[in-house]
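The structure's right below; bear with me while I get my questions together.
Letters A, B, C, D, E and F mark the chains as written, and numbering starts fresh at 1 in each.
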Amino acid sequence: MMKKVVTLGEIMLRLSTPGHQRFVQSDSFDVNYGGGEANVCVSLANYGLDARFVTKVPKHEIGQSAINALRKYGVDTKYIARGGDRLGIYFLESGASQRASKVIYDRAHAAIAEADPSDFNWKEIFEGVDWFHFTGITPALGDKAAAITLEACKAAKEMGVTVSVDLNFRKKLWTPEKANEVMSQLMRYVDVCIGNEEDAEMVFGIKAAHTDITKGEIDHSSYEAVAKELINRFDFKYVASTLRESYSASDNGWSALLYDGEKSYLSKKYDVRIVDRVGGGDSFASGLIYGLITEMPLQNALEFAVAASALKHTIPGDFNLVAKDEVETLMKGDGSGRVQR
Amino acid sequence: MMKKVVTLGEIMLRLSTPGHQRFVQSDSFDVNYGGGEANVCVSLANYGLDARFVTKVPKHEIGQSAINALRKYGVDTKYIARGGDRLGIYFLESGASQRASKVIYDRAHAAIAEADPSDFNWKEIFEGVDWFHFTGITPALGDKAAAITLEACKAAKEMGVTVSVDLNFRKKLWTPEKANEVMSQLMRYVDVCIGNEEDAEMVFGIKAAHTDITKGEIDHSSYEAVAKELINRFDFKYVASTLRESYSASDNGWSALLYDGEKSYLSKKYDVRIVDRVGGGDSFASGLIYGLITEMPLQNALEFAVAASALKHTIPGDFNLVAKDEVETLMKGDGSGRVQR
Amino acid sequence: MMKKVVTLGEIMLRLSTPGHQRFVQSDSFDVNYGGGEANVCVSLANYGLDARFVTKVPKHEIGQSAINALRKYGVDTKYIARGGDRLGIYFLESGASQRASKVIYDRAHAAIAEADPSDFNWKEIFEGVDWFHFTGITPALGDKAAAITLEACKAAKEMGVTVSVDLNFRKKLWTPEKANEVMSQLMRYVDVCIGNEEDAEMVFGIKAAHTDITKGEIDHSSYEAVAKELINRFDFKYVASTLRESYSASDNGWSALLYDGEKSYLSKKYDVRIVDRVGGGDSFASGLIYGLITEMPLQNALEFAVAASALKHTIPGDFNLVAKDEVETLMKGDGSGRVQR
Amino acid sequence: MMKKVVTLGEIMLRLSTPGHQRFVQSDSFDVNYGGGEANVCVSLANYGLDARFVTKVPKHEIGQSAINALRKYGVDTKYIARGGDRLGIYFLESGASQRASKVIYDRAHAAIAEADPSDFNWKEIFEGVDWFHFTGITPALGDKAAAITLEACKAAKEMGVTVSVDLNFRKKLWTPEKANEVMSQLMRYVDVCIGNEEDAEMVFGIKAAHTDITKGEIDHSSYEAVAKELINRFDFKYVASTLRESYSASDNGWSALLYDGEKSYLSKKYDVRIVDRVGGGDSFASGLIYGLITEMPLQNALEFAVAASALKHTIPGDFNLVAKDEVETLMKGDGSGRVQR
Amino acid sequence: MMKKVVTLGEIMLRLSTPGHQRFVQSDSFDVNYGGGEANVCVSLANYGLDARFVTKVPKHEIGQSAINALRKYGVDTKYIARGGDRLGIYFLESGASQRASKVIYDRAHAAIAEADPSDFNWKEIFEGVDWFHFTGITPALGDKAAAITLEACKAAKEMGVTVSVDLNFRKKLWTPEKANEVMSQLMRYVDVCIGNEEDAEMVFGIKAAHTDITKGEIDHSSYEAVAKELINRFDFKYVASTLRESYSASDNGWSALLYDGEKSYLSKKYDVRIVDRVGGGDSFASGLIYGLITEMPLQNALEFAVAASALKHTIPGDFNLVAKDEVETLMKGDGSGRVQR
Amino acid sequence: MMKKVVTLGEIMLRLSTPGHQRFVQSDSFDVNYGGGEANVCVSLANYGLDARFVTKVPKHEIGQSAINALRKYGVDTKYIARGGDRLGIYFLESGASQRASKVIYDRAHAAIAEADPSDFNWKEIFEGVDWFHFTGITPALGDKAAAITLEACKAAKEMGVTVSVDLNFRKKLWTPEKANEVMSQLMRYVDVCIGNEEDAEMVFGIKAAHTDITKGEIDHSSYEAVAKELINRFDFKYVASTLRESYSASDNGWSALLYDGEKSYLSKKYDVRIVDRVGGGDSFASGLIYGLITEMPLQNALEFAVAASALKHTIPGDFNLVAKDEVETLMKGDGSGRVQR
């Protein structure tokens, strides 16, 4: 039977300049909809799972367009609440070479940030569901959103739903102190934790030695140490982290590590030429969830996740619009990019 | 010497669907910047006046882009304060035939709505200035913005600056009661009042008889009665009103009326085929200000204003990008649209 | 409870030149998906019904894109069969003024035209369904498609589902003789028949007097006579016809007539300025189905249908992307096109 | 056998703003190539004639692109000389309603304006040719271009080629005095003269009574008087004139008059909704040439020409991309604009 | 005197997503026309040869557009037959990095696939012609197309025309067995055979040792062995093969090998950053034909071909729009990409 | 106090093909305005200086658009003269990989090339100004432009304004002999000279040993020798040169060298992936001027200039739209391109 997954979070209107135009140059914006948890949900629907997204969006047509963007890819939007004042927005300018991409957030007062716990009936939402995923962004949106997240986690746990989190620390949304307080409480319900070193340090104060992310150097053993400490502290079943090597805004190294409390698995590394790296982490999370929920061997699940997210870097927009067989082809080693006729 | 004009208000990011696409269809938005008072300012700069716009915009690149849009057309942006959280946004979908255009506002919490009176030094801003224009939208943004408007009006009056207002009632921003209270206080400083019948009724409860705007019928005598009542109540020097006949979203009749307390002037009527009607009223206001500040005979000032705004309906975006001689050509009767080689 | 509707037919890839470009000028095509029955289905989903579309599309991404276009607007695509060689295509060039729009069909060998009856389980598809709609295009695609349509009609009748048809004669698909033969058989299962005079004449040889469609003249009494003859022959409950007056490719008169066997109802007439007239008839059909299924009085149902399709003419693409309240606003008389803020 | 036609003149790079954008708004220009004589040539090739265009363009890729634009539509470009400094350019902004379209010429120093008579071997060019067409623009480009035109006219006459001219007075290129001097000399070789009243007055000082082109009034008898005077003076076989009624930049009345020295023929009038009116006159000229060269009865030739140019107004770019059967359909009375499926 | 070349084959409508969009994301398709033999023909016309393309396309405007695309670049289209039902289509999605480009063919039932031998008069077509080129795609379209190809080959041989083939095996069009049977028969008339290792193996079962194309490894000696075997079997004068090293969809190594029966020539290798690799092989074929027909030394002919096709990879669309001098500049060693002012 | 800078030169209309299209493929051109000295001026305004641009442009809207492009970025355009016939144009096609970008100039007869010394009042223009910059392009436009440049240099010197030049030899505008004659005279007023080896050789005959720019090899010591010779000859205070290593049209190495008469400073080298390299040299000049005018240590000034121009290569258009802090971030070593949220 088809596995059922629920993700909770924000879906935003993304307004990006075409090509490599700077904000001040642009006479038009490309319109996409996305956000960490929505991106995961779309990706899982693409892999063939029954994926449900939970959020709140305004009643007007911009809110409706966000829902339509999800429905287009087969996401179940039945439990999206309608109301509130606005849809969060983020502006994106794609960098190149030495020039970094830039994001301007305009997400305060979004409908989901001001939603009420009564907007969501978790018993109903989790009926027959196998997996629940959220990210550190949702509780960071505000106390109400944090409370909703907590309710969801509790309900999931009670109903035997596996819970995963992507830590995703956002410094513009909250302080490390506040993040630590709120997230520590939520971690009690989490089975699978995804987060890079920066997240672990900012949210939980767990610092890896010997890493400077602006230099593109990576020390796998330090990541493993972070993962161990996370499991010690929160009793996760798995901890995973992507390992991004930022050579430039155009080229990145991309691999990941998975730790199951006993052994750490290191993936193949891809050198990716970037078309759009927003949603790269989310595509890893969805790949990993898919690997775990379909019970792939751990190394395979990790390779699936990394291959999936390598592909995401070549796709415009937040969503990782790749099919399962495309991921598998890459995962098995054909990254030659020969034309598929 | 070149006349100096100041306008105060909000400049917003305008996101419109291309062509006649509906919101739910659109994969890109055309980017413009505009807003009632900014539109008036750009138009006056186009006519060759020294035009200064006063507002507050965020420090990020979207705020900067709004400033650049004004500078491009020669507006003096020196007194625009920087700071606050966001730039107000409005989404626009252009209708056609029986389908109305639609505007979705997302302007709450804009920098200018939350600006502080200390952001603006009116003595400096009005130094050597001849005319000050604002609209009913600015005080409607919130109590702070209303206080700033009041300060500006007082300073203008003290410094001998002529003051004009466009009533522009916006039902999503405030109630008629609140509008009446705030606007009545401001009207004491106003010399020239622009506003259609709907504005007069909603803001000041002055109701014209025999008009149903959805039917496209117009009764000039009732407009004159409204104008008289406005002058009785607030001692304006001039009252002007545009007379829009909405045949459909594609075709409108367009004329205007000016009353000087003694006599009313009625303009020629244009049947306009609409390219973009947003900013139509603002282009009338700027045309009228230009006519009055350059001391045209009243009938001419009115004809200039109406011809200017007829042309605005043919120009994409909020701004009325026409030169003085183009308005004069139309005003003198050549609406044949023959190619100018 | 939400009413359930099923439509059966072809969804095609529509490739249209931008603006008013001719085919030979165009370096890009706008991509839409549509087709008579799909258009009806999307429109009904927009009105809030539970609308299911049944067809067959290839397994590749172009087929998937057609499905996504339907899902985006909330259509239930569960019973769309996958397989076959190709998706039908039609090329569209939008005319203007005296230049007619042009359609080039490239629909032979489409998956649905070569589908097998075993691709569809009608018992399951019609479970709990209230209404079934098809058009004369589907059986014209070929003998297999005609057989499938017949099976569907029979199953619908057996299961108490109301059946409607839009005659939609297509001279490039079949001859009048063949159409008469196939359609006459299908009409036995039909409750509501939609078709203009041309359809009635071409398919059933029922000729109205005194009408020349290229002249834009309309004689309502002759339409009523056609409707009567259709009811006499096939015992329909209702017969409806749109009355298009083609002044030019840019402007049309648009109204409709409904006959219930006793009385004929004539709608208000709209003069529409055309943005995209493809799908105009389908939007009438869906409006009428909505009016009848929600049990509006007949005159209201007709007015709803005509207002809905007047709006369609202003929307790019095949689909009529209007909400119920937008139709109602127009139906109640506000066609002024004033900006909705 | 297929008739052979030669036209001589300038082909320019046309840079137009998209939609109805003003020059100062535009971040991109649509690229087309055109010019009076090139437009006539392309149109004749579209009708199936063997059409040759003679000009000179630079050796660089912009010059090549002009040639490619002609080749694309089947024009014979073998006798286009290569060399010179630049291709003439014109900038175009499309007006709407009361706002006129604007053309900015940047054509000085174009290769054809500075070409040498030795660039063209007229004996070879006119080998087997039936018709030669030029316009008043070519000799206006400069003395060298005038000399080339004269050589061409003489050679045509000697070789028995029918010669037609479109007067096309351009006040930015020369004075009425200069035009009179040069054109009078050329008229000796001309059989068919096309020119509106304004041309006749500006070039030859032949003034029609009672006409004010900015008012859209037309007095056919005065046109006939102009035609008579032209024939008296230059012994033309036919004189033709388009009759444009400029209601606005969006809507024009369009008809024409042909005079054969004895009788004047008046065409049907079309009310055209304008997509692009540049090249309207040229499409009339090519329609008339086609009618005359294929020996249609005079009224038919005129109707063909007017129907052809009515269609041109609906096509973006300078070229009239319509086929013979499309013109005939309209000419026979179907201007209903119904979709051609 | 200018050399004359004829190519026979299919020209298709190519619909590609803009940028790196996936099929499911795209609201518009870029329109190009192309196909192996058409691409070769356009390239040869660009080099200044008299190049004639032979195919069959439908009478409608999409067929005409294909012809126009060829005429634009100077190809002689006189012998293109008109008729049949449709133009073949292929959909293209451009990959990047690890994501491969994807082609969806919709070419069945194309006019050329169903053409009749009587559509082409080879005696007339080959009059005065020096070279005939075809590819393995044409006979694979069906038995009729194979028969036409055979007729063409025979006529060419009889008339002393040099014949070249590009093997171009397409697994979606036929089986290796069928290919072997048909192609072996055609090879008797061929002088120059182009084909990579994969083609040789799939069509003739000639397998090179030690090569795995998905790994990007190349072993030149194995290619030479394949070439030898081809010459042994079919008595070709020359065998050439491109050597593509697919590092990723964004970067390829590109070189080639030519064998004259005695000696093998290996070209310089280019590392190309890919803009559009479709038509890469065709641009090699046309470069080689140009080198051989103009009697360059063999090494030069090969270098010309490889440089030409390296440039093709940087040009959007199927056609290799480069001039002879551009190829020569690169061939002589300036690949620095410095701006040419 | 804010430093004031003046630059004198030409601003052109730049028409570039979208993406990597070739000229012959393009149906639209992207519109930008730029030119060596205008680019420097915009960049300095972006860094916060008071930057004034001096030129002459026609009175029409294309001339106005050039002014608007400058005003948009805060450049003072008060002293731009209006008049003359045309704005210079350049056409740009962006290369990729082995295919070089191509520029076609159409700049003869531009307003600034035919301006009169009386168009500019240098005493007024230089009032309170700190720095004057020009390039070798301006005097190359013609004798009048050379005379104007000389006047400007003299006035600058008299008024104590620092003078910098970018040699920028353009072989299409003048010969080395003429350049030597004119430039040598101007160099007497120059304090800071920027120019690469090629410029030094072409203009002054100063040849560096051991460098072949098409090979991408660079020999720093030879550049230093050139700089020394320049200082010996013209007594400059500083000589600077960019060091471009052209690997391909897509990838360049980019560094620079500064010599102060005693010591040479060599910058960090950036490997840049190119989005748009036009204006790369100008962005270096403006960075260096900014570094020197704000009295950075020489190494820092050089690093600022090189980092600034590395960023320019990633920005479409001529202008270097980067802020001071963005340059500083890169200069301090973060070229990781991580998303700035």
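Please note the rule applied: a contact is a pair of C-beta atoms (placed from the backbone, for glycine too) under 8 Å apart; a residue touches a chain by one contact, two chains touch by 3 or more.
Which chain is which protein? Per UniProt: A, B, C, D, E, F = 2-dehydro-3-deoxygluconokinase.
Quick caveat, the model's predicted, so the values are computed rather than measured.
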Which of D-F and D-E has more C-beta pairs touching across its chains
D-F
Check the residue numbers that chain B and chain C use where they touch, and answer same if over half are used by both copies, otherwise different.
different
Taking each chain's centre as its mean C-alpha position, how far apart are chain B and chain F in Å?
42
Distance between the CA centroids of chain A and chain B (whole Å) is 45
So the centre of each chain is just the mean of its C-alpha atoms; given that, what is the distance between chain B and chain E in Å?
62
Touching at least 2 other chains, the residues of chain D are 22, 24, 27, 68, 73, 102
Of all residues in chain E, those that touch chain D in their complex:
68-69, 71-74
Residues on chain F engaged by chain E in the complex (per definition of touch)
19-22, 24-25, 95-103, 105, 170-172, 213-216, 246-251, 277-278
Contact set on chain D toward chain F in their complex
15, 18, 22-24, 26-31, 60-62, 64-65, 68, 85-86, 89, 91, 93, 102, 104, 106, 108-109
State the interface residues of chain B toward chain D in the complex, per the touch definition above.
73, 270, 272-275, 307, 310-311, 313-317, 321-322, 326, 330, 333-341
